[in-house]
Amino acid sequence: MTDVVRRGVRPSRIAIYGVLLLACLVYLIPLIIMLITSFKTPMDIRSSNLLALPTDWTTIGWTKAWAEACTGVQCEGVKGFFWNSFKMAVPAVLISTLLGAFNGYVLSKWKFRGADLMFGMLLFGCFVPFQVVLLPMAQTLGMLGMANTTPGLVLVHVTYGVAFTTLFFRNYYVAIPDALIKAARLDGAGFFTIFFRILLPMSTPIIMVSLIWQFTQIWNDFLFGVVFSSGESQPITVALNNLVNTSTGVKEYNVDMAAAMIAALPTLVVYIVAGKYFIRGLTAGSEKG
Amino acid sequence: MKSLKRHFTALAMSACVLLPTSVQAGKVEVLHWWTSGGEARAAKALKQMMEDQGHTWKDFAVAGGGGEAAMTVLKSRAVSGNPPAAAQIKGLEIREWAELGFLTSLEGVADNQNWDQLIPPMISDVMKYEGQYVAVPVNVHRVNWLWVNPDVMDKVGVKVPTTLDEFFEVADKLKAEGYIPLAHGGQPWQDATVFDAVALAELGPEDYRKAFVEHDMDVINSKKMERVFAQFDKVMSYVDDNAAGRDWNTATGMVMEGEAAMQIMGDWAKAEFTAAGQTPGEDYLCAPAPGTSGDFTFNVDSFAMFSLSDEEDVKAQKDLARTILKPEFQTLFNQNKGSIPVRTDMDMGDFDSCAQASMDTFQSSSDDGGLVPSFSHGLATTSHIQGQIFDVVTNFANSDNPDPAKTTDQLASAIQSAM
Amino acid sequence: MSQLELRDIRKTYPGAHDETLKGINIDVASGEFLTLVGPSGCGKSTLMSSIAGLEAITGGSMVVNGVDISAMEPRDRDIAMVFQSYALYPTKSVRENIAFGLKIRGMPKDDIEREVERVADLLQISPLLDKKPARLSGGQQQRVAMGRALARRPKIYLFDEPLSNLDAKLRVEMRTEIKKLHQRLKTTVVYVTHDQIEAMTLADRIAVLKDGELQQLGTPKEVYDTPENLFVAGFIGSPSMSFIELEIERSEAGLSVTVEGSDGRKLSLPVPDYLANWVGKRVILGIRPEHISQPDNIKSEHSLVASGSLTVEVTEPTGPDIIAVIRLNGIDVHCRLDAEHPVNWGEDAELMFDMNKVVFFDPATEKRIRPN
Amino acid sequence: MEYRQRRPSGVARVSSGMMDSLQRWLPKLVVAPTVLIIGIGIYGFMLWTAVLSFTDSSFLPSYNFVGLEQYAKLMESQRWLVASSNLALFGGLFIGICLLIGVVLAIFLDQRIRQEGAIRTIYLYPMALSMIVTGTVWRWILNPRQGLEKMMHDWGWTSFSFDWLVNPDFAIYTIVMAAVWQASGFVMALFLAGLRGVDSSIISAARVDGASLPVIYWKLILPSLRPVFFSSVMVLAHIAIKSFDLVMAMTSGGPGYSTDLPAVYMYATTFTRGQIGQGSASAMLMLGAILALLVPYLYSELREKRHD
């Protein structure tokens, strides 16, 4: 690189780094505030400003949130609800991903009359506000005998998650050449053989996307969790809500923040560890789709 | 596993098969929104008492928005044909549920325990549908309280105001000294709580009842109501600019720290002071909201009892109702919650001075007609009308140039449209 | 007996107005190499997919060894196909790619192993067997794709433009390879291409398609020398045949036509007698580059030859010969000249026309006028 | 030709008739569960809601039809008007700003930045949080007495003022801020991955032609990222409509009802105020608006794809 160019580039590079780092700060501040607050004492929170470091560091917020805070008549923290959330999220994520994969496969490689219409209607399904469906869904689940059971809740999450998973898989599979399917058909492979032996092994990136997206959505969901779970199998978001919200009680913000962090931990870990697969997979579909 | 078990139990119930082990024990599923602090402790005491009687307590806690989330859940469960045994339902909503045929009569228990004698008629009326108890009251909150930081008052050299005019006088002096006169959180229900107190002061109990219980248009659409709005506007002018969205307990914290001098809030605010280690009469004062001494706006928490099919569960449900009104529970619960027992025959010796004062006023106002249901907490009117009033009041409170006359018209038409 | 009989094959895509295939009739003999050639959109790929069973036909029937396969699923037709994009399974190794079809058909493991080895030897891809397709070059992928087809030993092989993704040199090599392979194995092949040279070099017979209709079916020589119509004449051969519309005249010497060079010089060319009925009428003269050359290159004992001096507009040396462009009747006409006797552009050259091999078309029907 | 005789005999041809028709039905069979649950769970329930919007259902659903009365009431409601215009304002700003920030950060991050992986993760993590957490934190930060303003005052900048959260005219913009904070990093990541897929010879070619870098990005690269725009808009619109949680956590619709969104209004009327008919009517109008805005967009994008 010549001197002329270097002189021309330097200030703009500084500006770029400046903007990027400033953005980092903006994105990080809320997390920092949550962390700092979770280590403060309630008195400290009342008197000091948000970004001030705690005067005495204390983990009481965390231990309380984990094992002592009340979420109803039980005062055993949120730890028990963690497991509940997994019990709900894991099957819901897996089923909706599998269904989405099948749908995407059919809608891209086995198009039938009305396939496009079905896809369009699925897409529109992404935009239905969930508040609308609470009552009819409750009635339906009641009729099915699945009201306030974990299978019922899983069904709800699958219903409202399958639109997105289908979208992901369909866009991904559209980019895979049809010739591959034709070759497999001539090789004698049937519908399922092609799917499980040919397409699925190629789908790792988009499976990651679907898993991460669905896990985040379902883990973070409150509305369905609170309405369709039964009392003792409530997911962690409901526990968090019960812990944080108080109609006429005292607020302990350090406990609230620690509980919020605990509740967010699985999704945060997923994003930090698997975030790059997520992005890779999402674009793998959209780029060519 | 648990859900599987539920299925089997449901199956067993529908087939009318009695489980051999559960001769006397039933289970109660209780929907409530007491999830934290003293409330949760109080609810836990209830659970313990039920378990001592051999019943199973299935906790179903949904906090948030003063029970809004819980109501959503309850409606969904009712629609799905799977309601809990008891649900924390307030005020006129009890009647709405009863009208739809969801609730069960508690007459046996009520007769047995002589509820009509224990509970003031004003409150028992709310608990009844077609003359029969369908819900059981748990406690009585007084909404028209003024919480005061005495240090601030002393420094400025003013006394706790007893009328609105005094309040304005005191507030001006406080403001001049750099204090926030009135701590407040700008949320619709808090706006309405202050409005509630101002309305009671301006209208008096009788017109208050006419306006907010009977929806008498002569009172609602009147000069008096215009004056209520005008006074409300003036009270709100002593609130700092940053009140919007603030939680009530944050406002209470402002009073504790001496940043603000007073707060108009129900007696649950006491729990906040207690938690901070403050003693009533010394670190903080409780006084009737200005202009409402001797009057009492009540907010009653209650459990409505849903129709169940299993006999053992019904028995557990009745036991729950009975237990709630037991003196031990009343004392334990209300000490934790800041409210007073719903039974008028209780010994108040173990309660603090604010609660004792509250009980005195409760009983005296119950006799002289100063006892009114709080519209801001859903005791006076349906949720629909309450919502309409909230919209008008909160819009008025957040308006750049509030117009009492126009707002009075809006209030009248809002209530009219919802009736 | 024909290995594959296509009887009046028709195909209309759902929602489309026009038929994509308008009644195709072709018989392919056992061991025959048939190429389907035509411009893009002519229906050749659709026809191929239909044979494979990947597209359902809307009319007609397909018979293989006497069995009607029209309604069969692809896997039951016992047909293998090599795709333009190779369509190798990206997550499978070369070995697994080749073995996949055998595995699905339930062949015993040992047999599969043997078959894979055999095919790999045949195609010289043994060292690649454990690699993933993404690590292979285009030519190697092509071989694997063929290997996959060969391993199945199907009744019929379909090739869908298998060489079009390769660079020019490799394409010629692979072409030869395919030809060798066919000569060795004597398999029945239907081969789709848009490249007429590929079609000519490989085929036992060529089927030329346009707009869903079979234009001509014949050996490469037939198609080249006696094209049925203007389209086939223009499509086959490179540089392609030049077309000049002109009138048949009768003179003392016999039938003739007159062409005019770029400088206005006129040249009379003799034409065969079978055009007697066309005297005074307009026809289209189709003349291939090799029909115009230096006098040395044309055997002058033929009766129908004529020569004249014409201006060369452009020269394109190809190595063995030079393609020159002259203008006749305002139309660019290609001639194939001897590279040993170079001509320069802009100069006049003495050129001889061999009118024995030229063809004539009826301007109205565009069909070749046959000698009767 | 001897090998042809050894053809594997495992080819199942016996039951081909039945197997074939099964094969033909399989694709439809496989999507059938989805069609069923979507058909009921979305379209069936939409229909149900539509029916209820013509009734006077209050506390629980009833079927006493009152025609268009609920819609008429809705149109008169000041609060509904605020809520609808808020959605337009919020949705437009949210999607627009997210795209802008996402594109800019992606382009900047695409300039061979050190520690790119770490920075990317920092931009992306807010997407992992639930909106309730986001809303709570931002409420603190933007609250003048607790958050940013107080901090600035504590640090000596006493004239600093930022009271949008408590100002009815500006509160809706704070919702936009929090939502943008949550989703813009995600959009950035989408675009970054899209940029990585762009053929770098385009940039080289354009530079040879003398185009400046901004021009290259604006005129050449961004237009080629159309599919990424499509994905982003899909995800953002989805989030915008689901911002119910965010509003509830940040302002609960306040001050007054200045930050009401249709979803909040619908929820409040249906569940809190027991006006199911009215709530259903508002849901239908909201769905209608989404339909009117999104469907043409989806349609044009998907058509485009089919032509490629």
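Which chain is which? They are A, B, C and D, in the order written, and residues in each are numbered from 1.
Heads up, the rule we're going with is that contacts are C-beta pairs under 8 Å (C-beta built on N, C-alpha and C of every residue); 3 or more make two chains touch, one makes a residue touch a chain.
All values reported here derive from a predicted model rather than from experimental measurement.
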Tell me which chain's centre, taken as the mean of its C-alpha atoms, is farthest from subunit B.
-> C
Innermost chain, where centres are averages of C-alpha coordinates = D
Cα centroid separation between subunit A and subunit B, in whole Å?
-> 37
Mean-CA-position distance for subunit D and subunit C (Å) | 54
When the C-alpha atoms of subunit B and subunit C are each averaged to a single point, how far apart are the two points in Å?
-> 90
Interchain centroid distance [CA atoms averaged], subunit B/subunit D, Å = 38
Find every residue in subunit A that makes contact with two or more other chains and list them.
-> 134-135, 137, 188, 190, 241, 244
Touching two or more other chains - residue numbers and ranges from subunit B = 65, 72, 75, 79, 250
Hunt down the residues of subunit D that sit against at least two other chains at once, touch-wise.
-> 11, 23, 61, 146, 267, 271
Subunit D contacts subunit A in the complex at 11, 23, 26-28, 30-31, 33-35, 37-38, 40-46, 48-49, 61, 101, 104-105, 108-109, 111, 113, 117, 119-134, 136-138, 140-141, 146-148, 150-151, 154, 181, 185, 189-190, 192-194, 196-197, 227-228, 230-231, 234, 237-238, 241-242, 244-245, 262-263, 266-267, 270-271, 276, 283, 286-287, 290-291, 294-295, 298-299, 302, 305
Which of the residues in subunit A end up touching subunit B in this complex?
-> 46-47, 69-75, 134-135, 137-139, 141-142, 145, 147-151, 226-228, 230-233, 238, 241-251
Touching subunit B in the complex, subunit D uses residues 58-61, 73, 78-79, 139, 143-146, 163, 165-168, 171, 248, 250-258, 267-269, 271-275
For subunit A, which residues count as touching subunit D in their complex?
-> 13, 16-17, 19-20, 23-24, 26-31, 33-34, 49-52, 99, 102-103, 105-107, 110, 112, 116, 118-137, 140, 155-156, 158-160, 162-164, 166-167, 171, 174, 188, 190-192, 216, 219-223, 237, 240-241, 244, 256, 260, 263-264, 267-268, 270-272, 275-276, 278-280, 282-283, 285-289
Of all residues in subunit C, which touch subunit A in the complex?
-> 14, 49, 52-54, 73-75, 79-81, 83-92, 100-101, 104-105, 148, 152
